[in-house]
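Heads up, the next two complexes both have chain A, just with different partners, chain B and then chain C.
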Partner chain A sequence: MSKRKPYTRPMGPTWWASHPYYRFYMLREGTSVFVALYGLALLCALFALVKGEGAWNAYVAAMSSPLAIVFHLVCLAMASLHAVTWFSLTPKTMDIWIKGKPLPEKLIVGAHYGGFVVASLVIIVAIGGWL
Partner chain B sequence: MSFQRSHEPIVWSLFGGGGVVAAFLLPALILVTGLLAPAGLLDGDALSYARVLAFSQHWLGKLCWLTVIALPMWHAMHRVYHGLHDLKVGARGLFFVLCYGFALVVTIATGTLLLAI
Partner chain C sequence: MSTAEPTIKVEVMRYRPEQDEKPWLQSFDVPYRHDMSILDALHHIKDNCDSSLSYRWSCRMAICGSCGYMVNKVPKLGCKTFLRDYIKANGGPGKIRVEALANFPIERDLVAKIDDFVEKLEIIKPYIIREEEQKLADGAYKQTPEELARYKQFSMCINCGLCYAACPQYGLNNKFMGPAALALLQRYNRDSRDQGNGERLPILNSEEGVWGCTFVGYCSQVCPKGVDPAAAINQGKVESSTDYVLNLAGMSKAKEYKDSRKQTEQSCGKGDCGCGGKS
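Here is the complex of A and B:
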């Protein structure tokens, strides 16, 4: 048994608040709360759809309430921040080498933004009913 | 050091997949369903019961629902679980079960509802 008592630096629950880098890290991780909340909203929509036409129409009507608009505005901001931070990490997670050279980071990030634009347009046009 | 098999590869792949889905699809999905639709900017019956029901009865439609609900939920719960650690909240075992359990329940609920359509 060792009798030494090494000093352990105390670390409180607000350690991240003291530095902008850590604050942004917590904000990035915090986007997940709104990703989860929007997922639950989609689950409610699906539940209303299963219940029937009346429940579905009531759900769609409820989406026009000021509270629902604010909720979706915050979710959109958070989901967009998630997308930006996620894409900026892609050169780290997709370490692609071609002929002994690493693929330029800008190309990897740019390709993701290209895919994002295409996917977004498909979603907007498909759901919007203009097909 | 323990040689017990880690759960990390499984939840990390769900986290990664969910992160990709959330990044590529959620901003546009939120914009259309939560802002453009209430603003009346969509086609008249874009979100009508009949149209959404027909979409959801197709297996491809069901796959879309499951993809946009379940995967981002695994992603979010993974971050919430590790975020609680960052916030120095104790009871790791309990929150492991609560976080990933919640994602599992949402996944099963989504699947069950989709089968009921």
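Here is the complex of A and C:
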């Protein structure tokens, strides 16, 4: 009779906590929660803007509270981490060959940062012009 | 053995299915030499301390893929990992824990049950598929160095399973095809001689295919051969998305293949017989 009895190790909900690589992965994925929250805050701004001057002023006042400023700083840090980690992964998602050689990873990552800077400048200039 | 010889503490996971309910750790003091690998330490234990210890190994040169273990919770090849990197003098923790590869059931001691992994390697059709075979008289299928370079990296896999031990998605749900199988799928899809893209796309497109991956990326970190399965999978997501858009335009290769299968099944009534609808 076979004595085989393969043992499957359990994988609990805290599987990620025991290893630094997995912990950083969870943080990286967790940044999306803060990006979503900031998106909601922006959406609220849009609603307030549509509603009228009173609503807009109330929104601005609410956003000036120390708690709201801390919230924005945390969101900024999380969004930055989100962007940096994503940019660093982008070469793995692309299979671009030019003249028989794969496109250098640094070029792909650099192009993303370049695009990020250009897009930011365009938005800043556009908003500046609008104001 | 002189008493002055330095030793290092090695904890080894033991699991003897005929008498143990669950795995446990056995500790050994192994004489340390600068050139000793984890595999050498296991050999020392088996030869001098406990001959009942079971572990897989073969080539001792990182090409057979047999000696994958968890070394201090990190998937490693036993032959390619050295005691010297774990001693305190070199900034290491001073002790070593060797366990069976994570995310696989344990057969005995350090022997992981990798049947599921091997089945998945077969599922992705790891062979050149031709719509029409070239005549023998026409000679071999030719390939330029560039065409070879397009898939060579993904062909370096030695099926050691370290990437599966590193993949939490596979650990949480082993229906996921996993890193090595999907990298192997890309290896054939990228091969200029292969025409089986449409046949493999349904596997690639599925939830258990590339979309089961959340880009943890640890598979590529632990790969001892630099295959970079995370790149293979995430480039597969681009291909899968492209096929989705092509499908909306009625040009999906996956659908083309499925339709041709249906026709074959209708004409011979079986489909899986391999007759190609001729019987």
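The rule we apply is simple: the second predicted complex is superposed on the first by the 120 of 131 C-alpha atoms of A that agree within 3 Å, B and C clash if a C-alpha of one lies under 4 Å from a C-alpha of the other, contacts with A are read in each partner's own complex, and residues count from 1 in each chain.
We adopt the following convention: contacts are C-beta pairs under 8 Å (C-beta built on N, C-alpha and C of every residue); 3 or more make two chains touch, one makes a residue touch a chain.
Fair warning: this is a prediction, and the values are worked out from it, not measured in the lab.
> Based on the superposition on chain A, does the combination of chain B and chain C result in a clash or a fit?
Verdict on chain A: chain B and chain C fit.
> With the two complexes superposed on chain A, say which partner A:G100 touches: chain B (first), chain C (second), both, or neither.
It touches chain C, and chain B stays clear.
> When the two structures are overlaid on chain A, which partner does A:S64 contact: first (chain B), second (chain C), both, or neither?
After superposing on A, A:S64 lies in contact with chain B but is clear of chain C.
> Examine A:H82 and indicate which partner it touches, taking first as chain B and second as chain C; both and neither are also allowed.
After superposing on A, A:H82 lies in contact with chain B but is clear of chain C.
> Looking at the overlay, what does A:Y21 touch: chain B (first), chain C (second), both, or neither?
second
> Tell me which partner touches more residues of chain A in the superposed arrangement, chain B or chain C.
After superposition, B is the partner touching more of chain A.
> Return first, second, both or neither, reflecting whether A:T8 touches chain B, chain C, both chains, or no partner chain.
In the superposed model, A:T8 contacts chain C only, not chain B.
> Upon superposition of the two complexes, what minimum C-alpha distance (Å) separates chain B from chain C?
Superposed on chain A, the two chains' closest C-alpha atoms are separated by 5 Å.
> Common interface residues of chain A with chain B and chain C?
Residues 11, 15-16, 29, 93 of chain A touch both chain B and chain C.
> For chain C, which residues count as touching chain A in their complex?
Residues in contact with chain A: 15, 17-18, 22-23, 73, 102-103, 105-107, 113, 145-146, 149-150, 168, 171-172, 214-218, 220-221, 228, 230-231, 234-235, 237-238.
> Tell me, which parts of chain A touch chain C in their complex?
Checking each residue of chain A against chain C gives 3-9, 11, 15-16, 18-19, 21-22, 25, 29, 89, 91-95, 97, 100.
> Can you tell me which positions in chain A touch chain B when the two form their complex?
So the residues of chain A in touch with chain B come to 11-13, 15-16, 26, 29-30, 32-33, 35-36, 38-43, 45-47, 49-50, 53, 56-57, 60, 63-64, 68-69, 71-73, 75-76, 79-80, 82-83, 86-87, 93, 112, 115-116, 119-121, 123-124, 127-130.
> Tell me, which parts of chain B touch chain A in their complex?
16, 19-20, 22-38, 41-47, 49, 51-53, 56, 65, 68-69, 72-73, 75-80, 82-83, 86-89, 106, 109-110, 113-114, 116-117
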